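Per-chain residue numbering starts at 1, and chain names A, B, C, D and E are given in the order in which the chains are listed.
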Amino acid sequence: MATRILRDLTGADEAAAAIRVRGLTRVFGDHVVLDGLDLTVAPGEFVALLGRSGSGKSTLLRILGGFDDEVSGEVLAARRRAVVFQEPRLLPWTRALGNVVLGLPGADVDRRGRAALAEVGLAGRERSWPVTLSGGEAQRVALARALVREPDLVMLDEPFGALDALTRIRMHALLQELCRRHRPAVLFVTHDVDEAILLADRVLVLTDGRLSLDVPVGLPTPRPRAHPAFAALRARLLTELGVRDLAEAAT
Amino acid sequence: MAPLLEDPTGKRNRARRARAVPSWARRLAGPALLLLGWFAVTGFDLVSDRAFASPGAVLDAARELWGSGELADNLGVSLYRVGWGCALGVAIGLALAVIAGFFRFGEDVVDSAMNFLRTIPVIALLPLIIVWIGIGEEAKIFLITAGVVFPIYMNTFAGIRSVDIKLVEAGRAFGLGRAGLVRRVIIPGALPGFLVGLRWSLGVAWLLLVFAEQVNTDSGIGYLLNSAQAWNRTDIMVLCLVIYGLLGLLCDGFVRLLERSLLSWRRGFSGT
Amino acid sequence: ACGGGDSDPAAPASGGKAGTLRIGDQSKFLELPIALSGAGRDTPYKLNWNNFADGPHMNAAFSAGRLDVGFMGDTPVLFANAADAGVVAVAVAENRVNSQTIFASAGSGIHSLADLKGKRVAFTRGTSLHGYLLNQLDSVGLTQDDVTPVNVPAASLPATFSSGAVDAVVYVRQFGAAVTAQSAGSYEVETKPLPQYSVLLAAKDALADPARREAVRDFVLRLSRASAWPKQNPDEWIQKYYVETLKQDPVAARKYFESLPESRYTPVTAAFVDSQRTQAKLLADVGELPPSLNVDDEVDKAFTTELTAAFTTASLPT
Amino acid sequence: MAPLLEDPTGKRNRARRARAVPSWARRLAGPALLLLGWFAVTGFDLVSDRAFASPGAVLDAARELWGSGELADNLGVSLYRVGWGCALGVAIGLALAVIAGFFRFGEDVVDSAMNFLRTIPVIALLPLIIVWIGIGEEAKIFLITAGVVFPIYMNTFAGIRSVDIKLVEAGRAFGLGRAGLVRRVIIPGALPGFLVGLRWSLGVAWLLLVFAEQVNTDSGIGYLLNSAQAWNRTDIMVLCLVIYGLLGLLCDGFVRLLERSLLSWRRGFSGT
Amino acid sequence: MATRILRDLTGADEAAAAIRVRGLTRVFGDHVVLDGLDLTVAPGEFVALLGRSGSGKSTLLRILGGFDDEVSGEVLAARRRAVVFQEPRLLPWTRALGNVVLGLPGADVDRRGRAALAEVGLAGRERSWPVTLSGGEAQRVALARALVREPDLVMLDEPFGALDALTRIRMHALLQELCRRHRPAVLFVTHDVDEAILLADRVLVLTDGRLSLDVPVGLPTPRPRAHPAFAALRARLLTELGVRDLAEAAT
């Protein structure tokens, strides 16, 4: 991973980046959610974002997506970007396939949409209305909607929260496959520390409106959970997240 | 410690079974009740035949007018006017609603103007309409159009404003442009509102015939009602009212069909 | 002095209260002279004025038994009768100058009534304008079928005329300026003066009740006296009626008022019944009235006799 | 490999700054445009002064009637009638909508009856109203009430039908009874629809004055409009139309205020 | 735990139960989601329900909650029951506190609502509108709404899916505390196998419309993740869920 080199560069000159944020502040009423946050994500880099519930992860993604403009600070993000929101946000009046190919130009859109649905395990559900999908199915349609595109930056807000263990493993593989193919930068919000370590090049922790931790993962892929560096990183992240009783949470 | 058990599916199951009567038949209950009230009011002489004809008299009038072909002719003529008026009014109202709903500047200009114009009695503008449009079919169609535009506009605009911003964001997030956003998100989201407007305006269109058909015509259901009133032929008058009511039910049925196909994605509350 | 017709809670649903006379009026045409002349002072019953936009609306109120007496033009009276509104004419005021007239457009080539043949003529069906047109056509041997009738609501007649859709228009003479001003070169066609009447109607059930019958009789006498008042006090009348009530321009109003001869209420005359018969036939021929309409039902002979006697006693012209 | 960057917050930020003019001022754009059109039409003699009065003439008429106190009187009288009519109509329409929206049997009976009655021209029922209710204030208020009930009913009913079934389930799951469900879920959920109906019916109420004030009255804004037509005073007539328009704007402003406080929880699409 | 004894009884006679389902079948179109499912839950019993995404867990809960009546089979559930849906389902027009105390009778409702909000870590957010809550905050309000009641049966559909590790641990404690106090029967849907083992008396796996696995946990509380029985049960459950590569998923 070229993470470290890239980060060194960005400090000095205008190196290529998919996200570049300086001093980003967002206030709701008198509640300062983001407080002068700095963040640079290099093209092709996979960054996981951890943080307590209500710490401002979704707020950051909304700003980067262009859905919140009452901010101060400097914000730059790749023009071609896709977002998977925390809720599936499927258009209820459009069937599953229509939701996947929403806004896609081109001729073989239908075929690509079907393929994406099949990849998330929903072949045959193309014509289902969103209301008839289960929680995890809706989440997977939303995922397919992001994966069928080829953006420079993908932002995912807890995209696997409603998935069972097996489906989750499959989705991990899918996401990694996508990254291998198109090399987009990825900003990945999750609550699962293991998942963050498994997938990301770099893990961030958002606390009190700033990134309180920003560590490269630096493990070989595939990453065995049993690897001592894995356990050490997990412990460090959990501590940062406030989970002190490691015996309880970290096996 | 032993909790009281019940069959959670039970109550509603029973209710559903009791509702074996098809929906259209159950919907006749309302009109049937009205008919009963009408029989009672005229039968028990609560009102003189001069003021409100009895069902029998109205049936006779219907037979008379149907036999002479007048009724069918009048309905046909009115249908033509209503058809054109509605088609134009719906198109214009929808376009204005999209402009006002989608663009902020559109709202500034269009919405306040529409709210200003909305309360102006269009019939008071009849002289102006005649000067500009004349006294032909166009004037009648214009009058209906003008009446139809507003309910369509108001309801569709409110519908657009009620579209969940989260879905609009989702649309934007996946690269929908303005046109795409309107077509894929705004219009479908405003559809329930639009359909209320449509239902309402189909009714208004027939109502406006009463005024439109005062101008230079000797046919149409509105004309028939006006003449019957002048003559105090309460049988024909009440016949017209009944026809109006039935047209209302028909329009309602039409919009229900539309709803069933266009809003099939929706899971709204449908009563207990 | 008026409005709130039935707000009196003691009033029964129909039949009215013996102590109150419920009067239907239009633009205060009855109320003003009676009030201004003082003829309404010291009535042994209360005067309850009810203002209506037009004859048909007053008809509806008569049908429902909400009025004892009311005033309208002679054409709506026929419709009231046809609608079996339960009214009879008790007094009439002959207007020797017709309140309607006919205008022709510049290029229409209409110079006399006979020229109307084959032309497009705008009027409002079932109103006094309609009756007037039929009478005028009849006077030169024409019927409605000889012209192309264009039916338009009264308020839209000037606009219809100025839009060029018609060659001639039948309109209220008083507001003729609205027609000629909008259409350059238009002019008034020379018409025949016709007998025309303002009619005071009384509800049959009011006449059937002795107390109210007495009140109606008394009211007609007062009305007859009051109807002479405008011509005797033109300045005050023009100000109060034309300017303040009808919002008209004082100069034009004076000119119009001065063109009108005096018109006084008298008991129903034979001439009135004759003119009604003529008009009823004309309207029935074009399908506006049922052919079976009997104009004689419009009059209560006994009451007319009674009233004539009262007029004589009061030395009022009959 | 270097992706193109942009400031995602930029575009809209700029748009927001450009919109520094307060919303009520921007909303004057529509009426201002209409005023301009009016000046043009009458100024360039596209229509004769007799058919449609110029702004100057109307201003004179306004001064005349305002000076004599007539305008204020007429408005006061009409306001009283509209106030009562709306209050009753809204209450009845709302009650019917809740009955039809909440209970299946209610829908069967009420909804079809309302759709039947809705298209019946209420003005054609004027004779009946006079027979039953008389020619006093009650009749005028009744007429307005009858006109207001339907838009309130239609929009509220549709609003109830659009309440997300998931929220109704949530209400049930936490032990809300029927009354609680209506009060806590159904009514708030139907509120956006109700407010559209309210906006509409406030307009309709003023329109109906034109008919209500034909019978036994010598005051009111509808009476003034009718009389102005009869008197051929186009300046007074157009003045009435302008007053109608302004009343429309006022009612709209009132409903906007209501919306702002009652729908503050909502995040709907509000234009781009 | 008295689980085993109770289950023996229910086979024979009408023992006390909070849920009793026999031969429950639910079909959507030609998709058989529940296929003759049997389930008995004893009063006070804590049952975790696992299953693949789309296996019918939410469908089962909807039926037990009384929101789906197009079923065949015999269904009985405690009359006094509360449900936490998979989505928070907060009334958008009611503030956080109002949502928590929704439908609660009694005088000190307000106080209890505030206390419940404080317990889920949302003290001070009583007057927040639902749209202004983060995903995890909304989920916690929904949880507070269930916990403030004292039902005989609580059904929770993935109630902790959007929570970070620390908040999740706190919510576990909260739920266990509630169970100790009022002893409701609990039917708990989750995708986190560890969570199921940590909390439940009995774990079910729903596969192909039936309960393919129904095991008592039988571990002492508190349950150390390092306990060999814990790992064994986890492995068994993961296998049942189709995750074969234990090395990858189960540490």
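The working rule: a residue touches a chain if its C-beta (ideal position, glycine included) is under 8 Å from a C-beta of that chain, and two chains touch if they have at least 3 such contacts.
These numbers were taken from a predicted model, which means no experiment stands behind them.
If you take chain C and chain E together, the chains in touch with both are B, D.
Path length between chain B and chain E in the chain contact graph, taken as the least number of steps between touching chains: 1.
Comparing the centres of all chains, each the average of its CA atoms, the largest separation from chain A belongs to C. Here the two chains linked by the largest count of contacting C-beta pairs are B-D. Separating the centre of chain B from that of chain D, both taken as means of CA atoms, is a distance of 17 Å.
Centre-to-centre separation between chain A and chain C, using Cα means, comes to 84 Å. For the pair chain A and chain B, the distance between mean C-alpha positions equals 49 Å. Within chain B, residues 51, 127-128, 131, 166, 189, 229, 266-267 each touch two or more of the remaining chains.
Annotation for chain E: residues 65-66, 87 touch two or more other chains. Among all residues of chain C, those that touch two or more other chains are 63-64, 155, 158-159, 162. By the definition of touch given earlier, these chain pairs are in contact: A-B, A-D, A-E, B-C, B-D, B-E, C-D, D-E.
Those residues of chain A whose C-beta lies close enough to touch chain B in the complex are 65-67, 82-83, 85, 87, 89-94, 102-104, 129-131, 145, 149. Of all residues in chain D, those touching chain B in their complex are 15, 19, 26-31, 33-34, 47, 51-52, 101-104, 106-121, 123-125, 127-128, 131-132, 151, 154-155, 158, 160-166, 168, 178, 186, 189, 192-193, 195-196, 199-200, 203, 206-207, 210, 225, 229, 237, 240-241, 244-249, 251-252, 266-272. Touching chain C in their complex are the following residues of chain D: 48-51, 126-127, 130-131, 134-137, 213-219, 223, 226-233, 236. On the side of chain C, the complex with chain B involves touching residues 56, 59, 63-64, 79, 82-85, 125-126, 150-153, 155-156, 158-160, 162-163, 165, 288-290.
Taken together, the chain D residues at the contact with chain E in this complex read 166-167, 169-177, 180, 184-185, 188-189, 191, 263-267.
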